[in-house]
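One chain, chain A, links the two complexes that follow: it is found with chain B in the first and with chain C in the second.
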Partner chain A sequence: MSGAANAFLQGISRPESKANGDHPSWLNSLRRSAFEWVGAHGFPTGKDEAWKYTQVAPILEIPFAPAEPGARRALSPDEVIEIAGELGGPRLVFVNGYFVPELSALKSLPAGVKLGSLASAFTQEGEALESLLWRRFRERPQTFTALNAALGEDGAFIRIPAHTSVEEPIHLVFLSDAGATPLVSHPLSVVFAGAGSRVTIVETHAGIAGGIYLSNAVTEIVLDDGAVVEHYKIQNEAESAFHLAFMDVRQGRASRFSAHSVAVGAALARHEVKVALEAPEAQVVLNGLYLPRGRQLLDNPTTIEHAAPHCTSRELYKGVVDGHGRGIFDGRVVVQPGAMKTDASQTNKNLLLSTSAQAYTRPRLEIFADDVKCAHGAAVGQLDDEALYYLRTRGIPQQAARDLLTDAFTAEMLELIQVPPLRSRVRQMLATRFADCPSAGVPA
Partner chain B sequence: MSAVQNELRAFTEREYQYGFVTEIETDEVPRGLNEDVIRLISSKKNEPEWLLAWRLKAYRHWLTMAEPSWANVVHPPIDYQDIIYYSAPKPKGPGLKSLDEVDPEVRAMFNKLGISLAEQERLSGVAVDAIVDSVSVGTTFKDKLAAVGVIFCSFSEAVRDHPELVREYLGSVVPYSDNKHATLNSAVFTDGSFCYIPKGLRCPMELSTYFRINAADTGQFERTLIIADEGSYVSYLEGCTAPIRDKNQLHAAVVELVALKDAQIKYSTVQNWYPGDAEGRGGIFNFVTKRGKCAGANSKISWTQVETGSAITWKYPSVILQGDNSVGEFYSVALTANRQQADTGTKMIHIGKNTRSTILSKGISAGRGQNTYRGLVKILPGATGARNHTQCDSLLLGDQCGAHTFPYIEVKNPSARVEHEASTSKIGEDQLFYCRQRGIPAEDAVSMIVNGFCREVFKELPMEFAVEAQKLLSVSLEGCVG
Partner chain C sequence: MLEIRDLHAKVEGREILRGIDLRVNAGEVHAIMGPNGSGKSTLAQVLAGRDSYQVTAGEVRYEGRDLLTLAPEERAVAGIFLSFQYPVEIPGVGNLYFMRTALNALRLQRGLEAIDAMDFLTLAKEKMKLVEMDPSFVNRSVNEGFSGGEKKRNEILQMAILEPKLAILDETDSGLDIDALRTIAAGVNALRAPDRALLVVTHYQRLLEYIVPDHVHVMVNGRLVASGGKDLALELEKRGYAGFEPQPATPATNATRTAVGARP
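And now, the complex of A and B:
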C-alpha cells in the first residue's frame, strides 16, 4: 500500500472506541478482520476494472478524521425539512453517521414494525444480527464496504414483519457537517422485509454547509418471498464532498424490488448497486438519473445477478453531463447456469451538454444459460439539432429551447418516482440546477 | 428434442478435418527465449542492425511486462521457455526461384488443404503468399503485381529490398511496447507478409496469405504490414488451418495496416486453427494484435473476420480514425463449440472530425464454449461529428455455453453520436419447428438459421471466402443444438 493510503487508514481509524464496550463480541472480531482486510488489500486503482474511471487516489491525499457523535452545530427539525424535504412519513435523521433522535420523527407504525438506529439494535437484537449484517463484506469484500464494516457504528435498522404494509414512505436523512476538519462517516442501513410485506424507503444524503467530507454508506436490503420494496436515493451532497455508497439487495421468490437513484451532488460520487435474484419469479427494476456538471464525477455501477429461473430485470439509467463533468454507467447483468427463462433488459442514455463533458458507459451481459432473453442498449449524444431548430423557428430562445429538450430527457425519470412529494421535490431540485447553471459553450 | 440434440451433438463433436502432420525437415533454433535466440533469429535472416536493436528493445521491455489477466478466458500459464521460436522448412537446393522449386511435400500439404499454389496461380487469379511455420515458402503473382508497382512479398524480403518502408512503418500502429503478446512478437517475429500499394492504384487482384502451423511446439509469430498509399485500394485475405497437436501452441501475430489519404484497405480473415478436442485438450492459443490506422483524410479500413477455430481466441482488430472523415468497419462472426473460448471484439478510436465507425458482431456459442464480445468506442475531444453504431448479437446453442458482452463507450465530444445495441437469445424454437415441419432435417435447419444469423457479416466477405465461411460454420457447428 502506498504511503498516502497508509496515512489515510491511520487517520480514519479510531482507537478501540468507547462504543466497543457495548458491542457484542462477534461484532468486534468482524471489525478487526475487516480492518485487516483493508490493510492487506489496499485501495482500488485505475488498474482495477471496476474502478477504471473513478480514481480514489485524490481522496487518500486528504487528512480525514473519523466523525464523532455529538460534534455538530445546533439544527432544528425545520432546517432538516428544508434540506431534505417532508415526505409525510416517519423520518430518521443522522448527522455524520450518528442517529439524532431529537431531529427525527417516529410516527406510529403498524404493529411489529421495527424502526430505529442500528446502535440500539446491536443491544436489543443481540446475536440474531450476526449473520445478517455486512453480508456483502463477508462474501465478497471490497475496500470501502470493508471500511464500513470496520469503522461503522450507527445507521438505520428497519424490520417489517410478514404480511405488513407500511403505507407512508420511511425517510432516512443522512446529513454531513464537516466544519473545518475533513470527516469520514460510515453509516449502514439495513432493511428486512418479511414475506408478503410492503414498504417504501427514501434515503437522502446531503451536506449541511459544504466542507470536505467522505460519506462511505452501505445499505443492505433483504426481501423475503413476495415482499415488495421501493427504494429511492437522493444524493445531494456538498459539491466538495465525496460519496461512496454500496447497496446490496437479495430477493426471495416472487419478490419485487425497485430502486430509483438521483445523483446531483458531491465532487466524486459512486453509488454501486448489486441485486441478487436468488429465487424464481423475482422482479427488479433499477432506475437512475445522474447530472454531473462543473468538475463532478458521478459513477453508477450496477450488477444484477440472475441466479434462479423465471426472474425479470429492467434497468434504465440516464445521464445529463454538463461543464467538465463525467458521467459513468457500468451495468452488469449476469445470468447464472440454470437461470432459464430469464428476461433482462438494460438501457443507458447520455446527453452531453457541453464541449468538455464526458460520458463513459459499459453495459455488460454475462450469460451462462441458453433459454434467456437479454438485451441492452446504450447511447451517447447531444440535443437533437432538428428539434432545437424547430423550437427556434417558433420563436423560442436558444437557451429556453435547450432547457425544454433537456427537461424532456429527464422527465421520463421523474414520472417513475411513485412518491408524489418526492417527485415534486426532485423536479424542483432539477429546475434550480438547470437554472443556475446555463450550459457552457452555447452559441449566443 | 433429444433427436435434434443428438444429431447436433454429433455435428459439433466432429473431428478436425485438417489434422495431419507433414514430415518436412526443419531448421530450428534451440528451445527457449533469451537475447541469444533473438540474435540467432536475426542473423539467420541476415537482418540489418537497426532491426536487431528494435527486437532487443522489445524483448527487454517484454521482460518487465505482466501477463494480461483482464480477458474472459481461462488457460494454464504459458511457459515461454518451452517454445521453439524459429522453425524454417529447409530448402532443398539454394533459394526459390519459382513455385516449381517449392518443397513437394509442402505443396502436397497445401493440396490436402485444398489450396494448390499452382492451381491458385493458374485458375483463381488470387496471389497467395503461403506460409508454413515461420518462413514464406512461395509467393505467386509477384511479378504481375510488381509490374503495376505493388510490392507484395514476405516480411524478410521486404526488410532486405525495401528497408526504408519497413523502417518507417514497422511499429507505427502497434508499438513494440503495446501489450505482452505484441511485444513478444516484436522481439521474435520470424516472417510474415508485407504489402505496399502505390499512390492512386486499385490493386488488380485480391491478395492472400495462407497461414499454417506445422512443426510441433513452435510458436508462430507472424508480422504483417500493409501500407496503402494515397488514393489506393487493396483487399487482403488471410486464412488459417493447423494440424492436430496435443500440446497447446501459441500464436501471437501482429498485423499493422496503414491507410493514407483517400486509401482503402479491406482485410478479411477466416480463422480455423485447431480448436482442441471435445475435452479441451490441445488447440491453438490465438493471441493476436491487429490494428489499422486511418492516417489520412477520407481513408477507410474494414475488418471482416470469421473465427471458428483455436482453443482460445484473444483478438481485437481495431481502427485508429485519425484522418478527418475516415471510416472504420468491423464485421465479425465468432463461433465457440466444445470447450473453446473466444474473447474478441474491436476498438474504434475516433480522433479526426466526422469519423464514422460501424461494428457488427455475431457470436455463436455451443457445447461448453464461452464467447465474449469486448469492444471499445472512444471519441476523443477533437472528433467533432463522430458517429458510431454498434450491434452485437449472441446466439446460444445448448445450456452449458456462455455468451458475454463487454462494450466500453467513452465519449469526450458532445457532438458525437454513439449507439450500442446487443441481444442474446437461444436459437428460435419456432423457426426450428417451422423448418422441420417442412421436412428439413434438424441439422440442416440449424445450419440454415445460423447462416441467416451471420448473413450480414458473410456478405462483407470476398466471394471465395464467403463460400468457405459458410461451409466452415456448418461443419464446426455439427452437433450443437438442443
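And now, the complex of A and C:
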C-alpha cells in the first residue's frame, strides 16, 4: 500500500467505539477481519475495471479523521425538513453517521415492524446481522465496504415482518457536517423485508454546510419471497464532499424491488448497486438520474445477477452533464447458467449540455444461459438544435428553451417516482439546480 | 411594416437568395409562389432568424428596426411568427405547457403580466375551436406523433394564441387534404386584421383560393421575378413556372425588381 493510503487508513481508524453500547464479539471479530483485509488488499486504482472512473487516489491525499457523534451545532427538526424534505412518514436522522433521536420522528407502525438505529440492533438482532454482514464480507469483499464494516458504528435498521405493509415511506436522512477537519463516516443501513411484506424507503444524503467529508455508506436489503420494496436515494451532498455508496440487494422468489437514485451533489460520488435475483420470478427495476456539472464526477455502477430462472430486470439511467462534469453509467447484467427465461433490459441515455461535458456509458451483458431475452441501449447526445430554434421562434429565450428541453429529458425519471412529496421535492431540486447555474448550457 | 432590400443569403455555402426586394404593409396578405428550390422557405427562415442561414448582403427592416440583428426570440417579441413547413417534434414537452410558456415569454418581454394556467386553458380551448383541433392534443408532447395535418393545425393554433403582427406561413398547405386545408385556411382568415400582415409561401395556387392574397410574387432561383394581384396565381396555375426562366446573374431585371416592391 502507498504511503498516502497508509496514512489515510491510520487517520480514519479509531481505537474505541463512539456509539452506544459495546459491540458483540462477532462484530468485533468482523471489524478486525475487515480492517485487516483492507490493510492487505489496499485501495482500488484505475487499473481495477470496476473503479476505472472513480479515482480514489485524490481522496487518500486528504487528512480525514473519523466522525464523532453530534453535529458542530444543534439542528432543529425544522432545519432537517428544510434540508431533506417532509415525506409524511417516519424519519430517522443521522448526523455524521450517528443516529440522532431528537431529530427523528418515529410514528406508529404496524405491529412487529422494527425501525431504529443499527447500533442498538447489533445486540437485539445479532444473529441475523451477523450472518448477513459476514456473508457479504466473505462473498464480495471490497475496500470501501470492508472499511464500512470495520469502522462503521451506526445506521438504520428496518425489519418488516411477513405479510405486513408499511404504507408511509420511511425516510432515512444522513446529514454530514464537517468543519475545518475533513471527516469520514460509514453509515450502514439494513432492511429485512419479510415474505409478502411491502415497504418504501427513502434515503437522503446531504451536507448541512460545506466542508470536506467522505460518506462511505452501505445499504443492505434482503427481500424474502414475495416482498415488495421500493427504494429511493437522493444524493445531495455538499459540493466538496465525497460520497461512496454501495447498495447490496438480495431477492427471494417472486419478490419485487425497485430503486430510484437521483444524484446531484458531491465533488465525486459513486452509487453502486448490486442486485442478486436468487430465486425464480423475482423482478427488479433500477432507475437513476445523475446531473454532474462544474467538475463533478458521478459514477453509477450497477450489477444485476440473474441467478434463477424466470426473473425480470429493467434498468433506466439518464445523465445530464454540464460544465466539465463527468457522468458514468457502468451496467453489468450477468445471466448465470440455468437462469432460463431471463428477461433483462437496460437503457442509458445521456444529454451533454456543454462541449466539455463527458459521459461514459458501458452496458455489459454477460450471458451464460440459453433461452433468454436481453436488450440494451445507450445514447449520448446534445440538445436538439431544431427544437431549440423552434422554441425560440415562439419567443422563448435561449436559456429558457434549453431548460425546457433539459426538463423534458429528465421528466420521465420524475414521473417514475411514486412518492408524490418526494417527486415534487426532486422536481424543485432540479429546477433550482438549472436556475442557479448561470453557465448552464453555454458551450465552453 | 416589412421592407426587404436586395437580400442575399447562403445556406451551407450555397447562395439561395440572390437579391430579394419586397415590401409588406400592415393588413396586407402577400403570397410568394415558386417552384421547389426557388428559395421561398429560405426567405421564410431568414426572416424568422435561423442562424445557420447566412445573410451575405441586403437588409430587412421591420417596423423601422434592423430585423437581421435580432435573435429569433426577439423577432417573436417584435411580433413575427413563422408557421413551419415541418413543425418540430419535442418529446417530453407538453403542447399546452409549451404554448403557455411561449405566450408568457412574449408577455414578460413586452412588460405584461404572465397569464396563469387556468386562464390560459380557457384561452387555448377557445382558439382550438378556430382550427377545429381535438382537445386531446393539448396533453400530448409538442407535435409528437401528430399527423401532417395535425401539425399544421397546431402551428395555426400557436399563431392564434401568440397573435403576431407579421405571420409567415411556410407551405402551410403541404400534406393537407382538402377538408383540413379549408379548416386551416378558415382559421387563418379569422386572424386577418388591419394591423396584421401575412406572408404566405406556397408551391400551389390551391391554398390561395381560401386565403386570398392582395399581392402575389413569383420567386424563381432566389429572386422575385414577377408580381401582381391574385390573378397572377391563377395564371401561374395555367402556365406553370416554366414561363419564368431563371434570371441571369447580371442586374438585367431591375424593372421587375422595382415593381415587386412597389405599392399598388
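Rule of thumb we're sticking to: the second predicted complex is superposed on the first by the 426 of 444 C-alpha atoms of A that agree within 3 Å, B and C clash if a C-alpha of one lies under 4 Å from a C-alpha of the other, contacts with A are read in each partner's own complex, and residues count from 1 in each chain.
In this text, a contact is a pair of C-beta atoms (placed from the backbone, for glycine too) under 8 Å apart; a residue touches a chain by one contact, two chains touch by 3 or more.
Not measured: the values here are computed from a predicted model.
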Once the shared chain is lined up, is A:350 touching chain B (first), chain C (second), both, or neither of them?
-> first
So, does A:408 touch the first partner chain B, the second partner chain C, both, or neither?
-> second
Touching partner for A:337 - first (chain B), second (chain C), both, neither = first
For A:106, select first, second, both or neither according to whether it touches chain B, chain C, the two together, or no partner.
-> neither
Determine, under the contact definition given at the top, whether A:57 touches first (chain B), second (chain C), both, or neither.
-> neither
Check whether A:374 is in contact with chain B, with chain C, with both or with neither, and answer first, second, both or neither.
-> first
Counting only touches as set out at the top, which of chain B and chain C does A:358 meet: first, second, both, neither?
-> first
Which partner does A:132 contact after superposing on A: first (chain B), second (chain C), both, neither?
-> neither
Comparison of chain B and chain C by chain A residues contacted = B
Residue overlap on chain A between the chain B interface and the chain C interface none
For chain C, which residues are in contact with chain A within the complex?
-> 48-51, 71-73, 75-77, 81-82, 84, 87-93, 98-99, 101-103, 105-106, 109, 141, 158, 162
Under the touch definition given earlier, write down the residues of chain A that touch chain C in their complex.
-> 384, 386-387, 389-398, 400-401, 404-405, 407-409, 411-412
Contacts from chain A onto chain B in the complex sit at residues 49, 337-338, 340, 350, 352-382
What residues of chain B sit close enough to touch chain A in their complex?
-> 70, 379, 381, 394, 396-426, 482
